[in-house]
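Please read through the structure below; I'll follow up with questions.
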Amino acid sequence: MNDRLTHLDAAGRARVVDVSAKPVTAREARAEGYVRCSPAVLDLIAEGGLPKGDALAVARVAGLQAAKRTPDLVPLAHPVAVHAVEVDIVPVSTPDLVGVHITAAVRTADRTGIEMEALTCVVVAGLTFVDMVKAVDKRTVLDGVRVTAKSGGRSGDWSVDDV
Amino acid sequence: MNDRLTHLDAAGRARVVDVSAKPVTAREARAEGYVRCSPAVLDLIAEGGLPKGDALAVARVAGLQAAKRTPDLVPLAHPVAVHAVEVDIVPVSTPDLVGVHITAAVRTADRTGIEMEALTCVVVAGLTFVDMVKAVDKRTVLDGVRVTAKSGGRSGDWSVDDV
Amino acid sequence: MNDRLTHLDAAGRARVVDVSAKPVTAREARAEGYVRCSPAVLDLIAEGGLPKGDALAVARVAGLQAAKRTPDLVPLAHPVAVHAVEVDIVPVSTPDLVGVHITAAVRTADRTGIEMEALTCVVVAGLTFVDMVKAVDKRTVLDGVRVTAKSGGRSGDWSVDDV
Amino acid sequence: MNDRLTHLDAAGRARVVDVSAKPVTAREARAEGYVRCSPAVLDLIAEGGLPKGDALAVARVAGLQAAKRTPDLVPLAHPVAVHAVEVDIVPVSTPDLVGVHITAAVRTADRTGIEMEALTCVVVAGLTFVDMVKAVDKRTVLDGVRVTAKSGGRSGDWSVDDV
Amino acid sequence: MNDRLTHLDAAGRARVVDVSAKPVTAREARAEGYVRCSPAVLDLIAEGGLPKGDALAVARVAGLQAAKRTPDLVPLAHPVAVHAVEVDIVPVSTPDLVGVHITAAVRTADRTGIEMEALTCVVVAGLTFVDMVKAVDKRTVLDGVRVTAKSGGRSGDWSVDDV
Amino acid sequence: MNDRLTHLDAAGRARVVDVSAKPVTAREARAEGYVRCSPAVLDLIAEGGLPKGDALAVARVAGLQAAKRTPDLVPLAHPVAVHAVEVDIVPVSTPDLVGVHITAAVRTADRTGIEMEALTCVVVAGLTFVDMVKAVDKRTVLDGVRVTAKSGGRSGDWSVDDV
């Protein structure tokens, strides 16, 4: 772990950190998040009369596209050659969560990591889901957005479950 | 509250809902969210040697810009004339939260609401903060992203605290 | 009908034509187009084992988003407040056409027409369909992209079927 | 030829297909299309008093730029390092076609093909031409947009003329 | 004239200033700038064998498009309904300037001024010109970029020539 | 030095020049520019009551982001893998200049140079500064924008100070 904020130079000015000398290696990052919503929303998604396919499909497409837009959104993120994006959105109804669980996996062969791409994918899929259900439920909450695993690169493999 | 997903037509196909006949009215939306991080991150932000101004300023600027990009990110969101955006990011260290609290307020005089703009502002400010501290803390979590209040428009004023 | 190319000034230089003095009126434009493809593609879309929902849903979402990006793509097009977008993609298998028929309708209350938004929606939905099936059929053709009707604005209602 | 839609996973969900393990090779794609228009439009382009240079130049520039925007428009397309784009727009007046013939060639050294970039270039050049002449001719039609040749990559060289 | 930086709130945080209560009025802004280049560049542009039309046309198109992208580039600028853009680039060879003189005029009917759109148009037209001639002249300089006049809005008409 | 405009083909048509056969090498470009403003602006930036951090930070962030957007703005510029961006904005008060001095350095390991990225960074940082102070000073001028040095690539190292 670093002991300083690498995106700022010695004088505290923001910068895009130099990665030009890092090798091109295969890298993967995984992220997840949740949108909490009312049971009524899940019912509407699940019931036959409702276009479940499209409802979740729009959010998935938004997530895929957003992964590619990451450096446009996050000022200090590098442009990365996004080589694969998968995103899934699964309705969940348990004592802990009524809502959807969003997971994303992003892969590249490039000079820097792609955790931000995975997070951006999750977050924009989540925002899109919120947008689509907000006429039915104003009280949705996007929660628990985090990187769950990464591999490749100098710092080696890492999982949120590592102790 | 609506009992159907308005972004889908009768056959379940996604669409951008027609708002052309709605009047132009003053509207405001507020949203909030949190990034949980390690105490070490807060120390680095707080301590004299570190560029506190820039660290939070970059995330704020990213949030302001993202509010204007909302219809590019959220497929079914309307282009809205964003007339004001304010975003704030405050370090918090309490028993419940070690991290930053992000709040956004967005205003417009247009035909449809701007909750999505407020949420997008919060979320991208949060992602940018995560990006800037990830070399120090890989385990940040973006949490509690929700609309807190809206005013203007046909449906009247609303706050998350309303019973 | 005009007898000159309005997007060029007297000296032949491209410009974005001044519409600031035109009134805000309700306007609609409709457009259509086709993608010709092999029967095998239609079979894959239709058969139970294949994700028909997503295949067409992705193209529809791409079309909706592209309608909003029109002024970014077409240099002399005005930014327009896109207030409604509908797009549909229907598999067709007749002696004249094996492929999909794409239709779009776009509405606004603004100072200038939105034919280009309707066309852009059709075209990008078509490109996205081509992208999704190109591993199966390299010989797809995008055909017959045209405005089919417009209403509102100074020039009055018009349909491609008018004599 | 593949017998499945590669942009969808086994469960039918859209994804950006993984190309990170494919080698970087030189690749080229060519595409073409037509805009049918009235003879009056061709006369205006051709006659001395009219700014022919700019009229076609704007459409060409739009095409060049659009080639670079492909992954922003086509949701499942990969970001590709576009290394060369050429586009031409030639007025044609024959028994078969009164209008313009648009051709594009795009080259890269990257991990995946660039047919979509060539098609996007043609299509946006065509849309821009339609936009510039629509005050004179409302009945333009964009036709025959297809890939004509590709080279490089695992699947080898291919031309639309191959039997 | 204001005596404070309006884009910052009382605590010094950047914000997009609220203009939602300002009336929609017709507004215009004009800007100019120069690119100094070698006489050899002007000769190449002027001589018959060279594509003068395209050389300057590309820069003009880039300027027109950039005017519409202003709020994407300038973080605190409002989205504005750009209703007209004109840009011109004129070769100049005098004792004071060997190069091109770029002028832009932008008009809108909206709630806030469009000086930034006029400046962005000039600047990106200039950058594009620099890009196109940099293989011939590495020492170009973009100079004298300023607003020359504005009209409309609460603050009334203004010209750089006013004393 | 070249004796022709490489961005135009033999017939004078604009194109994105083919760089696919050029090797990937480490490259750097530096650029600079100035914004002239009133002493009152510098006082506001300098004085304790004013949020100096944010004022310059917003302009820096805008510059960093713009460097990544260069191929979107400059039609014939290649997409480049921007691997590092640094930008600084320093208030200056001398007999020659009252204003700010902007410098940028951009690095990549790619197939073509990044002078345009460095210039775009300077120019958009400058525009953003102009935007932030325009309520206080309408007469700002962006001046002296030029490449100051480049290294890497076939043409070797170069500095504006070379004779």
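Per-chain residue numbering starts at 1, and chain names A, B, C, D, E and F are given in the order in which the chains are listed.
Here is the rule we use: contacts are C-beta pairs under 8 Å (C-beta built on N, C-alpha and C of every residue); 3 or more make two chains touch, one makes a residue touch a chain.
Bear in mind the structure is a predicted one, so any value in this text is a computation, not a measurement.
Considering every other chain in turn, the ones in contact with both subunit C and subunit F prove to be A, B, D, E.
Listed options A-F, D-E or A-B contain a single repeat of the A-D interface, assigned here to A-F, on the basis that more than half of the contact pairs agree by residue number. Subunit A and subunit F carry the same sequence, and matching their CA atoms takes a turn of 120 degrees, rounded to a multiple of 5.
Chain pair with the larger contact count among D-E and A-B is A-B, by C-beta pairs in contact. The centroid of the Cα atoms in subunit A and the matching centroid in subunit C are 31 Å apart. Rounded to whole angstrom units, the spacing between the C-alpha centres of subunit E and subunit F is 16. Counting only residues that touch two or more partner chains, subunit A has 13-14, 53-54, 57-58, 60-62, 65, 69, 72, 75-76, 79, 81. Looking at the complex, you find that subunit A touches subunit B at residues 1-8, 11-14, 33, 40, 44, 50-55, 57-58, 61-62, 65-66, 69, 72-77, 115-116, 119-120, 123-124, 126-128, 130-147, 158, 160. Within the complex, the subunit D residues that touch subunit F are 26, 57, 60-61, 64-65, 67-69, 79, 81-88, 107-109. Remark: subunit E residues 9, 13-21, 71-72, 75-76, 78-79, 81, 110-111 touch subunit B in the complex.
If you check the complex, the residues on subunit E that touch subunit D are 51, 53-54, 57-58, 60-62, 65.
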